[in-house]
Structure formats: C-alpha cells, structure tokens
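Multiple structures follow.
Each of the next two complexes has subunit A plus one more chain, namely subunit B in the first and subunit C in the second.
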Partner chain A sequence: MSDTEDTPSFDPVTVFESTEQDLRSGSDDCYKCSTCDSVCPVASVDSSFPGPKFQGPEQWRLTRKEDTEIDDSIMGCSNCMRCDGACPSSVPLSQMHNTARGAYVENQRFVRSALAALRSGELRRGASIVRDGVSDLRERIRNRLLANYYTAGRFASKLPRVANAFTNFGPTRWLLERVLGITSERSFPSFATQTFREWWTERGGAQLENPDKRVAYFHGCYANYNTPAVGKAMVRVFESFGYEVLVPQQRCSGTPMFANGRLDDAKRHAETNVESLAEAIADGADVIASCTSCSMALRQEYPELFDLDGIDSVGENTYEALEYLRLNEDLEAALAETAGDAEEFAYHAPCHARNQGLDRQAVELFSDVDGVTIEDVGDSCSGISGTYGWKAEKYDYSMAIGDTMFAEMEAAAGEQGMTECPTCAMQMSHGTGYSITHPLELLADILIEEQSASSNG
Partner chain B sequence: MGVMSVAIESDVCVIGGGLAGMTSALAAAETGASVRLLSHKKSTLRQASGLIDVLGYTPAGEIVAEPFEAMGSLPNHHLYQRVGSQAIHDGLALFDRVVGESYAGGHTSANALVPTYVGRIKPTARYPAMTAAGLASDRSPVLFVGFERLSAFDAPYVSASLSSDGMPAPTRGVTISAPGSHRPDTRLHRLVHALDANESVSTSTGEQPIRIALARRIESHLESAQRVGLPALLGLENAPNVRRDLEQFLGVDVFEVPMGPPSIPGQRLEHQFLDALDRAGVHRATGNPVVAFDADGDRIRRVFTDRNGSSVPYEATQFVLATGGLVGKGLDSDRTALTESVFDCHVPHPEDRTEWYGDNPHTDQPFARFGVSVDADLKPHDDSGSPEYDNLRAAGAILGGTDVTMELSASGNSLTSGVRAGRLAGERSN
Partner chain C sequence: MDTKTEVLVIGGGSTGCGIARDLAMRGVAVTLVERGTLTDGTTGRMHGLLHSGGRYAVSDRESAAECISENRILREIASHCVEPTGGLFVSKPGDSEEYFERKLAGCSACDIPTELLSAEQARAIEPYLAHDIERAIRVPDAAIDPFRLCVANAAAAREHGARIETHAEVTDLLLDGDRVVGVEITHSNDNGMTGSTERIKATHVVNATGAWAGQIGAMAGVDIAVRPSKGAMTVMNCRQVDTVINRCRPKGDADIIVPHETACILGTTDVEVDDPDAFPETQWEVETMIETLSELVPILDEARTLRSFWGVRPLYEPPETKTSDPTDITRQFFLLDHADRDGLAGMTSIVGGKLTTYRLMAERISDHVCDRIGVDGVCRTADVALPGSENPMHLQEAMESFELRSPIARRSVQRLGSRSSSVLSTSDPNPVICSCEAVTRAELEDAITEVGTDLNAVRIRTRASMGNCQGCFCAHRMAALLHPDHTVETVRTSLEALYEERWRGQRHALWGEQLSQAMLTRYLHATTMNRAQSQTESSPTVAFERFDGGDERGD
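Entry: the complex of A and B
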C-alpha cells in the first residue's frame, strides 16, 4: 500500500459487537484446511455426514441468514470432539456443533409453532409443521431417553435386579429397537445392587478429615449406578494419600445431553453441579472426576455453553483423578516401590481424554510398575461415543469406526482392556469380549495391597 | 488449593510437535536423556506436503541443483552457515532413519524435481517412494488423473502448467469420476479410507474392489502413457499396496502428486515420527498449550500448560522451543508489536508496522523472516546479543532471518536446527 506513508497511524475500530460466547471470531479463524475432516471418525465411515468443517464454521455462517435452518446432518455428529484437537487455528468446533445441535433440537419442538399457525388461520402450514414434527418424534423421544441416562439410572437403581432382568430381556429389547430405535445388538450395562452413593452413606462418608488436602469427587452417573468399584477405588487411593474426600450433591455432567442437543436439560443439571461443586471449592477442595467425559464437560463445555455463577471456578479447579495425583503426590515414587500381579493390558485412550492432554498418562504411569504390561492401542476412536452407538441407525457405523481399535486390541499382548471412559469400555468389551479395567482400579490394587502388606509385615 | 507440589519431570522438555519439535525430541533421546514433548494440537505435519526440501532456490532466486554446493551463496547469518553442513547431514540422516524405505532421494546429494498439484516443479531433497515415479527429470510420457469435484487437483491444468514450467516429458491430464459415491465435503478422506481397505463399490459392471474399479476407469485414458500421476490420496496404512495393485492392473508406473492440507503424505509421515518417538521412549503430552514459565535468573525451571485456567507444570533441565512461526503461532502479532508467545524472547522487527510488508505480494516480504535470532548453539538472544536463557534453544520456523518459503528450505531448516538443538539439550542435561 503506497499511500500508507501519508497516513502513518490509525485507530483500530470494533466492527462487530461480540460477547464471550459469540462464535463469530471462531468462525473467522477457520482457514478451511480441512484437517478437522481428516480426523472425524464419523465422516470416515458415514458417507452422508459432511464433516466438522461444514457442521462448525460453514454452518454457522450459513445460518446467519434467517431463512436458513440447521442441516439435519448435525445429528450425525457423535461429539467425540477430536476435531478440536486437530484444528491448527483453535476454531471452537465442538462448541459450534453443540450450539447448532441445541438450536436444531429446539426447532424440533413443533406443537407451539403449529398452534400459532393454526391460530393465524394458516391451516396448511400448521398441518405440515405437525407432519414434520411427528416424523421426528420417535427420534426425539429416543434421544431424550438416552440423553437422560441419569434419570433412567436413578429409577433402575431402585430395583437393580429387576431392572437388569428387564432391560436385557429379549422381547423388551426387540420392542426398544422397533419402537424407539435403540439397538438390540448391545447388552445393557448392569446396574449395581448398591450404588456408589449408597455405599458412601453406609460407610459413614469420609474416613478422614484434612482441611489441607481435600477433594470433591464428581462420580457421574456411571460410577454411581453401574461401576461403583471405580468410585470405591478412587476413595481408597485418595484416602491412602491422606485426602479428605467429599461427595457433593450432583446430577449428570451433561455429556449425553450435549451430544443429543438437549441443552436445556444439561443446563438444569449443570446448575446443581456448579452450585455444589463451587461450594466445595470454596471449602478448599479441588474437583476430581474418574470419567474423562465428565471432566471434559466440567472443564470445557460448561464455560463454553453456559453462563452460571461459579462456572469458571469449577472449570479451573477440575481434574481427572490420576492427573491430580500426579500433580500433587510423588506418584512415580509411590509406584516405583510396588509390583503388580503380572497383568497385561491393552489400553485405549478415550477421545475426551485426548483433548485434555491425558491420552498417555496411564501408559506412562503403569509402564514403570514391575509386573504390569500396558500397551497403547493407538489413536483410533472406539466408535460408541456415549449414546451414538446405542442408536439403531448408527450401530453399524459405530462398529465400523471401532474396527480399527478392535484389531489393535487383538494385536496387543494383553487379553484385557483398560480405559477411563465407561462407554469406551462398553464398546471395547462388546467388540473383543475382553474385561475392561479403569486405571483407578489397577492403581488401588497396586498401591493399597502394597500398603496393607507392608503394614501387616 | 491449586498449588502444585509436584511437577512432571524430564531432562529435556521440547515445546512444539511439528517436524522441528519431533526431530529435537528424537535427537535429545538419542543422547540418553529423558525427553518430554509438549504439543498443543495434532502435529502440523498434516499441513505439510511430505516433501523434505533442504534448499530449492538461492536468495537471489536461482533454482538449486546441488544444495550443499549452493551453501556458499547464503548470507553469513543463515542457519546453514551458522551450524555448518555437517548439521544438515545429521538432520537428513535422522530423517532417513525414521522413514526407512518409504522415502527416496537419499542416494544422491542433488535435488530431485517433483511435480506439485499446482503444476510447478519443486526441487526437493527427499520425497516419498509413492511419488518417486513422477520425477520431472524422467522423459517418459505421463498421464495425470484428477477426480470430478475434487477441485484441489485439476489434472488438465497441472499437465499444461508443468509443460510450460519446462517438464520435458509429454504430459496429458484427464478428469474422471471417482468410483464409489462420496459426498463432496469429505470426499478426499472417504476415498483414502476406501482405497486403504479396498472397499467394494458398485460400478456399471457390478460390485468391484475400489482399486480395480479405479484402475479400470484410468485404463481407457492410458494411451501411450508410461506413468500415471494421481492426487496424493492412495491410502494411509496400505498405500504401497494400493500403488502396487494399480500398477499391476495398468502395467505402468503409478505415482502420487503431493497435495495441500490436509495432506495424506504428511499424515503418513506424522505416524512414522510418532512411532519413532514411542520407540525412543519420548513421553508426549498433546492437547494443551504452554502459556507460562518459571525462571531462576538465566535458567528456565519449568513451563506450564493451560486448560481453561487449570495449569500443569513440566520441569526440565533443558528446554527446546519449537512452536513455529507466524502461521504455527509461535509468534504472536497485533497492531503494535510482534512477540514470541511462550518466553517472550526478543524478536527483531521494525517498530513501524508499515515496514513489515513489501509493496508487492510476490517480492521480498520482511515478515517472512521474522523470528528469534540465535547463536551457533541455537540459543535465542536478547536485543543486546546475549542468550535469553542459558538452557533454552530454538528450532524450526520460530528461527528468524531466513525466508524459508521463498528458499524452499523449511524442512531442512527444521531437521537441521532440530537435530542440533535436541542433541545439545540432551548432552547438556546429563
């Protein structure tokens, strides 16, 4: 520019009004390199899915025009969030997908707009709104049911044995697939006869008090209703390091709700979680999660999607359990003195662990333990992505995505699997028949046995 | 709370997961040091062509046939002059160990001439074996084949453009429809996966493996061509088998033309480097940016990664900064200044922003040479010429002083500085 010499200075002006949750700047940051598309597990198997670049920045721009609606394909995204980790320009892809999916599901509500059309005398339009709405109804009900696993788990846990018999009863499954589109290919996870919280109450809560070392455990739905062993392992390990464990009131982290566009439900649950976790933080605790999707929700999706008092503080003070121990205790030294029981594991890093920078920590930690062999099965996605692989129309895609991981698990030396994510564990077990261990369970086995052995001896 | 008592420790900590960072980490590990590699995102090799250029053009703009002979034409402050040709050989030797048989070019010190997807001839030192049959120095006739709705590779244009760029072989270009039905948005990746798995596709003559279906569609255009060039999408894991199957069916050589991002040859190279890092025992943490550090006088003690406000400390005795330049975000710029984004190392640049750019986009651009200035040990210097920190070295695109894009020397720059910075860091950490 040759005329710059005549105008040596200028003042920057703000062209666009923006707020913290405005997606414009993120959309502008996309330079369309398509690296996100190259890591999308859904796009690699589902030819009808246009990929994260379209779902994110492109769709955001298209829908600035009032007459452009969000494309149906948004519901094909499994919310694995791998695109976030691939983008060289830090475009908030998953935030864009979550926002678009929320708006899409909100638009599926048809009764109010149909009534409005009828009231204003537009009979034909009203009828077509009802027709479209009803055709989506089955999927909406199914997704709502899957998204609210917290509620299902709460009821099932009242009568776990009945629930277990009922949910895996052939005719029930046939009906669930035919009527609601929940695949009958998978076995439902069984509900524990005693939930984690019931166990916690029964043992009288925390066994030690320590105002200097205090953690608030976010167990989430799965460790509470289905795998309390993971929660108990967390408590045993943290108490062995002298931590006072708090178990605050909590509801679903929101992960399955984000993935199904049910942002209203997620926000309702987030309000409870943020309030009680922020209170624990004010009492000197840090928040610990054993499920990497729960910690992902608290750390990233909450501040990206909701504006609640204390939400940033919860994000800043939440850690995955092993990560926290590693940062606050000399875990390597503690493990160096121990030995495992000659066990071999095929480890799969959940996609949501990757985005928190945690994909290598279990392998690193356990590699140095005598007797334990742990092998990273690579960077493939398990394919289940929470509720995605439970949808009848997605089941085949889910298994096609999982094929790489299944093959890598079979090729690994271990005959049992390890992962932090409860639904990855379901898929690993479904595809290989292996039993799957959570890193905390192995850590408890190694550390606590060692301690009780040495204190006895 | 939030006060961390234990940092994650290693002898050497490398910041940045691109070619320079991975090379530094490998070189440091070869000295016996324990190494940690911190990377914000997946490796930037996905944005790279997969070609390894050492020096393609002199600063005066003349094409280079023998890079090592042309070193004398470089200015004294040039990285290659600083570290000497042995360091360049060391960088290439490390690269050759990582890639093994999957790359060619190591048999000679001369540049190879590789056709690119924009129809230019690129002088390069190493190229994937998948690309080897395409060299412009070969005189046998070439058929370039592109796919409908894959606009990044326009075969007739590539053919015409290469001819006018001086490629001696007779060339033709045709556009065919790719077998299988894949929607345009993700067509490239779907084709890569389908070819990798040799998926079955429906054609007018029934179901066929996609490699055969593709070969059949190419066959009718073959005429006298002895080589067929396709955009670089012939599979990821099984690329050599895809090429072999196509060659067997067609009876001619098949080669890939390297493409822009998201680059499949770059992705293959990324996998090879990650495997090498695993074999070397390098610990990796990927997903969070390094945003802060602690220093004790002239020594950096530790760096901190950040995830929405929670931070993780990494302690080491030696650090390597390989965060990239303006594109890789190792440098940060706004309307008033240019800064190095982790340690705030000195980055020489004109105060007046209008002097950052040249008048014509295709002439010399000062901003292309922005970066930290280093000594022969690759320690970044402050504005008075002394090292910023005693245990910090820099490698790759963060180094200033050279327009590696115009010179076609970016990969050589990363390998050379990566090996040297990594090796010195490893040796000094023991």
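Entry: the complex of A and C
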C-alpha cells in the first residue's frame, strides 16, 4: 500500500477537492531498479508495452501539472498488480497505473474539448481532436462494456437461457469481434438459471443468528450471476462454523473498471458497496469475499483511489473467505477426521491472491487432507487478468502469458484445476479443457456430509 | 601555435557566451575560451530563476527594473529555455507587514506586474504551501535553464563565425608594454591538442570570468577585488511546487524554491569565500535550506533530495565601499575598463551581475568594446531569437512525427525547441537512453556531435543522468555511444568523469531514499562493471575479450 496514507501532510483529501491523487512519495520511492518490469507478464510477451516502471513513477515524474496526455500504452497494462508485490521500495505502482489510466480515459472524452477548440476558432485542432476521439471510440465502448460486467450480468440473468444461447451463438460472436473487438476465441461464461441472490432470498436468508460471529458476504458479480455454487458453498461452510451470514446490498467491486480506466463508474459502485458494507461492519460483521480480486479491490484500491466515508474501515475489515476461516477457526482440526474423494487438483494462485499473501493457503490447507492431492502449478500469471484476455488485440498475448501455467497444469497429476479467481478459472479451463473448482466448493464437499441434500438448492 | 582574432572573450558562462553572440552578430571576429565546459563556473551552478525583479524591488530598484525588462526579452528570444511558471512572494506569521507593503510598492514603481493573493488563493495555486501562510504577491518570475541558454548563445555566436574553444585554460596574458595583446591557452580537450599551448593575438580581451576575474587580472598585474560568495542549492527529486516560491522578507538564507524541469531547486546561502575553486561545502547549509524552506512548503521535509551543489557569486564592489556582509554587496554589474582604471590598455573586465541580465550586460560590454576597437555595430540580441527558440514545435505533431511515447516526445521537444525535427528525425531505432529525464539516443548523438567526448557537456545539453538515479542506469549507455568513434580508453575516461561529477553532488544527499539509490548504484556497478575497486588497481591484464566469443574458458 502507498506511503501516502501514513503521512498526514501528504493527505490528498485535504489538499485536492477532486479525486486527484498525489503520488509524489511514489515517485520519490522509486530507485529505477526495474524489478517491477522483470515480473510484468505483459511486458514479457508484448514488446510494445514499456512496463510498470514507465507507466507508474517515470511517467508521473515526467508529466507536468498542466499536461494531459498520458501515453497510449497505459491501456496495455492488465492490472494484474504483480508489480506491487515485486517492488522492494513500496512504490504504489498499481495506484499510479490506475490513476494514469483514469486520466487517460477521461481525456478520451473528446466532444467537450473539440467544441472548445472550435469555439476558440482552432478549426484544425478541433478536427484533429474529433478524428482521434472517433478512432478511440470503438475501444472506449468495448472497454466500458467489459468493465460493466455487472450491468451485463444483471440483464443476462433476467433470461439466462436466452442469454446463454445468444452470447455463444456464432454470428453474434463474429459480430462482437468485428464491431467491438471482443475475441471470439473464448466461450462466454454461462449465466446461472438462478442467481445467488435469488437462491438466498428463496431460502429465506440466514439460517442462524449469531451476534458474536457475523460475516457480510461480498459475492461480487461472478458468484452471483455465473457460479452461485461458490456462494452457496461459502454460506454452508460458514454456517457450519456457526457464523451468521449477511448478504448486503452490493454492486461491482470495481476490479474490471479499474483495469479499463473507468474510475467514475467504479466510484459510483463503490459508494453503494461502502455504504452497505460499513453498515454491516457497524453491526459487528467482518466482510468476506470469495473472489480474490473483489477482496483486493475493497482492501487496497478503494482506500487508494476514493475518499468515501467508511472506506478505510471496509478495507481494514475485509478478508478472503478461506483466509478468514484459517485466521479464526481451527480448520486443520476440522479437516483432520475427514477424507476427500480421491481427487487431484492442479492449483493456480491468482495474482491478486498473491498480493494479499494468500497464494499458498489452498495448498497448505488441502495437502493434509486424506484423499486430496493438490499441486501448486507455480507463480506465473494466468494471462487473462479479468477483461484483458477478452480483448481481441490482447488475446494472443493473454494466451502467451498463460502458456507457462497451461504447461504446468498438464504436467501436474490432477486432471482438474483449482483457483479462487473466476477469470483465472476461465483461462485455466480455456487452455487445458479442465473443469475448475473453487477451494470453498472442495471445502464444503469435505466438511459437509449431506451433500446431496443441500446441493439441490 | 599562434592564431589571431579581433576580440577574445575569456569565460564560457552566460556573460561570456552572451558577449560572444552579441559581438559576432555585429560582425566582429570573436574567439571565446573556457577552461572547462560551457557553464562550468557560476552559470551552471545557480537555481535557474529568471527574475521578475520582485526580489530586488525593495532594496535595489535599478536592478529590479533591469530584471523585468530582460525577463520580457528572454521569454521571446529564449522561449525554449524558459518555463513561465510565475512566482509568489509568500509571507508567514511574524514576517514584516511593512516589508510586504514595500515589496508591492517597489514592484509597482519598477513596472513589475503584481497580483495580491489571499492565503486561500495562493494555496489554490500551490496546494503544498503551509497552512499558516498569510498572503502572497504574484509576480512574473519564471524558470530558466542556464545550460540551454548558455549553449544557445554559444551556438548563435558560432553561426555568426565565432570560434568557441572549451577545455582551453588561459595560462597567461600576452603583454606588449602596458597593453594586453592576447592570451596563451593550454588545451585539455580530446581533439588531439591536449597539452598543447596556443597563443591567440587579439585586438581586445574581455575578461568575463566572474568570480575568477581576479586570477586573470593578476596575470597582468592588475587588482580586481572580486568578493566571491558561495551559495548552496539542493535539488529535490520531483516538483513540490510548480511556481517559484519566495519568502517575502528582507534577506536571509534559504528563501527560494524554483521548479526546474522535473525537479525543484532550493536556494540558497551566502557566505564569502577566499578561493572560488576551493571552499568548504558544508552540511549545515543543506540542512538549513530544507529546514527553513519546510516552513513554507512542509512536505519538503520528508521529500527525496537528489543532490546539492554550490555556486560562487561573482560579487564585486568598488574597493572603497568595504561592505562587511556579503548579502549587502550590490548585485549590480561593473564594467572595469583597465585602460582608465589601471593604465592597462586592451582589456575590459566584467564582474558582478546575474544571469537574468546577462544579455544586457553583454550589450553594454559589446558597446564598450566596439567603441574601443572602432567598430560601428548595433546590438540586435534583444530582437533575434536564439537557436532553438525560432519556431516552437507543436507537441502533437512531434509525437506523431517521431513515434515517441507522449512524455518523452513532450520533454524532448521542450528541450530542443525548433531543433526538434532535425535532431529527432531518424530512420534508426531511437530508444530512450536516460529514462528518468526521457532522453533518446538521437538527442544524445546530436549532443555528442556537438561537443565530442565530454559527457558532462553532453549532460548539460540533454539532462541525461540528471534524474533520480543520477546516472546509475544511463551513464554507461551514454558512454557506449562514444564507441567506436573513440577508443575504449577515451570512453572509460569520459565515463569516469561523468560518474565523478554525479557522485560529487550526491555526497550531500546520502540519507533516506537517495542513500538507498546510491547503494543500489554502487552494487549494480560493482557487480556488472567491476567498479567496486579503482580501475587502476584492478588487474590491467583481465582478458575481457575472452568472454565475448565464448570459445575459450576463463582464466
């Protein structure tokens, strides 16, 4: 996390009225050592991408207050945030990237500046602004669409079967690639016929009340619209440990929005999330996420990028589900008497899990369980990074980054994969054909006996 | 070797280069000699402030009026050297209100436009100003790059036929009775003349050596009582302010912050020294500056410092004045006609003054010299743009034409001005060599073509190695560009000189982040270039070529 938070005199909130970030200390902390560049998965496959050092501290230092042009290459960053973990000097690289990307996308809004140029009689400049703006338009629309998966998911879930048929219908995909630049190489994830929230309402919400052990579940978009089984597993596991589960009002965590420079969208969603999660925290709950990118957003990006009442408290009280149980329950003891179903998993730790120090938790937890074999496939990035691998012009890079992981998965004994991140799961499945399980699903399978009874829900 | 010229100018600082340009534009044959690289003396060791005159508006209105008039001229003729930052005079609780009012009145009397700002207005412009500031006066101060300015003057002089000879130290004045008739110089450059001496006969000699003027005078037995005064300046890693910030109080150490390119420069102190080439550079000066200026801009206290450097003001006053405190010595310049003053014909000295008025000083000297040598020439230096400032290039156009990333195109064009096209248009790949300051290979190669193997001269033209790593990642890349045109030996020597210069300033910033940077530099260079020990101590027989082909095992 950035140093800026520890230093009262650097507090961006009291200085700037807007959300403008001050990143002076980030620039001061960079020694140019290039360790960040050496771990950047995009830079390793895309020679046109200058790497995190340039995108962050270098570009920041070279840009004057009145300058608006951020280099185009900022949109090449996949926001995997591995640079954050690599930096030996705590440079807030992803914060710098997010801020620069936000400024870049803001600057793509060309209508107002074009009009201003025309009004002041600068016809040529106005025309050139319009020309550049229009040529960016397709990318902007595509990115905004991908960034707002929450909205797409909401509509698709109204008629999930139609949506599933339509989104993976050949001509639709051809058009999406041609018109919007969304790759047709991948299959769209299918929408569940019943969302997690619908299931939650149907079952009548929490099955137990416990003011001493209360968690607020941030399911995010994917567990709600696409993989409610993960959310249900989370609920069953936590209830088996005696937790009262709350499912507060929520929108997108913002992860795909940060990655596409849509800070304004992300802030709108954050306002809802912070308000309802802060309320749950006030009621004695901790916040739990089953998606490691969601927990990353709430913990790190929120306080770095936005100034909202309660945002720091949300960051400080958010945990990944497995992490929370390992901290607060004796999971080893609970698993000691159990046995798995002779299953072998190739486990991939998502980059965002790695940044939260969670990259070993699943392996450590399950390797002692009888009948379960779990093998870490190494520390490479899966390459999809949320929306990155969905962009037609990034697809090949995404697959090139994923090659290491695919090979390691093939080499591992298991014929199925495991990961916490929904888009890493897409990539793992896309590259190997394996089915992918979330650790919570396995945990629920092992811990809870009446599988057949509850899995129908 | 004997050569001839009409006017010989000693000193490659802003004054000397300004005089060379002025005289050359009047059609006079000029030779300028400089013992080091251009700007090596005081010019390259100042805070880069283009005065509005506000600073002198209370104590010295004549200087103030000269400053504002020259300020306006330089914005026109040297636009690629000037960043119009504006400036603020800021008062804190306890600072004299009466002085504040006198400052306003003085500015108005000298035709310096001002704007009175409340604390809130000032903080809206510069958010990092301390919360307790009381009010501020806005003036048209600006930032100026003294290197670029000086080099542009020299380039203009050369375009008009002048000879500019750097690494040429004056070792004697040639006298004919009571007349100076030329100089003897010793070359130390790399063009094959190293160690050789040259006698240059001249109709008139101009001593523009500033703080070193006394040493030249002594060669002809005349006494020029320059009172050199050192001032410390500290370079911050990034810009805490984008406006020149002055403390609004009568005088004192540590009262100015100048945004300069990617950095901010804190200044300064004022202590008289005996020898402009050897004086103590003391830690208290740096500490005082950071501490005192933190009262105005608190984040300076915890911000990264890159280096500190000291300049020597060429202060002068007529010997009978006997001012005791150097801060009270006038900042005016003096033209010393040695024929009138000492009965020594053929030489004029210029002392005192400041960078902002360099052009005016040059004009006065040139008028005087032309009068002495009987040349009718009119000064045109205020009307003709310097090379680089003729047609500023549009940024968008530059980004498109040179295929550079936006901050790199922007910085390159800001440095090169109207020379951008000719320097950056290349069909070869043009990688960034210095990533801290965004300097590409094409720009460095252009500078090398201009100055040869002196990498410090390349540095001041391009800013390469002046960023936060202080040459850790680019000094050797810069040196590599000298090969194969120059021998490995020359490349090594040049690299060594650049490193030494970079370390010299960093020694005064070895704490916090810059200490970590220095350690990283040290270890990287030790492990990759065997720089952990002195090159002369290491075995001269290490067979580096063994590692090239890989067909032989090591020693």
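Just so it is clear, the second predicted complex is superposed on the first by the 425 of 457 C-alpha atoms of A that agree within 3 Å, B and C clash if a C-alpha of one lies under 4 Å from a C-alpha of the other, contacts with A are read in each partner's own complex, and residues count from 1 in each chain.
One rule holds for everything that comes next: contacts are C-beta pairs under 8 Å (C-beta built on N, C-alpha and C of every residue); 3 or more make two chains touch, one makes a residue touch a chain.
This one's a predicted model, so the numbers in the text were calculated from it and none came from an experiment.
Enquirer: On the A-aligned overlay, A:A86 touches which partner chain: subunit B = first, subunit C = second, or both, or neither?
Expert: In the superposed model, A:A86 contacts subunit B only, not subunit C.
Enquirer: With the two complexes superposed on chain A, say which partner A:R354 touches: subunit B (first), subunit C (second), both, or neither.
Expert: A:R354 contacts subunit B only, not subunit C.
Enquirer: Spot which of subunit B and subunit C makes contact with more residues of subunit A, would you?
Expert: The partner that reaches more residues of subunit A in the superposed model: B.
Enquirer: Have a look at where A:S135 lands relative to subunit B and subunit C in the superposition and call it first, second, both or neither.
Expert: neither
Enquirer: Once chain A of both complexes is superposed, is A:C33 in touch with subunit B (first), subunit C (second), both, or neither?
Expert: Both partners.
Enquirer: Just checking: does A:F54 make contact with subunit B only, subunit C only, both, or neither of them? Give me first, second, both or neither.
Expert: Touch partners of A:F54: subunit B and subunit C.
Enquirer: Contacts for A:D312 in the overlay, against subunit B (first) and subunit C (second): which applies, first, second, both or neither?
Expert: It touches subunit B, and subunit C stays clear.
Enquirer: Would you check which partner chain A:L62 touches, where first means subunit B only, second means subunit C only, and both and neither mean what they say?
Expert: It touches subunit C, and subunit B stays clear.
Enquirer: Of all the subunit A residues, which ones make contact with subunit B and with subunit C?
Expert: Shared contact residues on subunit A (touching subunit B in one complex, subunit C in the other): 33-34, 50, 53-54.
Enquirer: Give every residue of subunit B touching subunit A within the complex, in rising order.
Expert: So the residues of subunit B in touch with subunit A come to 1-2, 4-8, 41-42, 44, 46-47, 181-183, 185-186, 188-190, 193, 260-262, 267, 278, 283-288, 305, 307-310, 312-313, 328, 335, 352, 354, 359.
Enquirer: Quick check on the complex: what are the subunit A residues that touch subunit C?
Expert: Interface residues on the subunit A side: 7, 9-10, 15-16, 24, 27-34, 50, 53-54, 58-59, 61-65, 67, 69-73, 89, 128.
Enquirer: Over in the complex, which subunit A residues touch subunit B? Could you list them?
Expert: Those residues of subunit A that touch subunit B are 1-2, 4-5, 8, 12, 33-35, 37-40, 43-45, 47-51, 53-54, 85-88, 90, 214, 281, 284-286, 299-300, 303, 312, 315-319, 323, 326-331, 354-361, 364, 376.
Enquirer: Under the definition above, what is the set of subunit C residues touching subunit A in their complex?
Expert: The touching residues are 127-128, 237-240, 242, 262, 298-299, 302-304, 395-396, 399, 405-408, 410-411, 435-438, 467-469, 472-473, 513, 516-517, 520.
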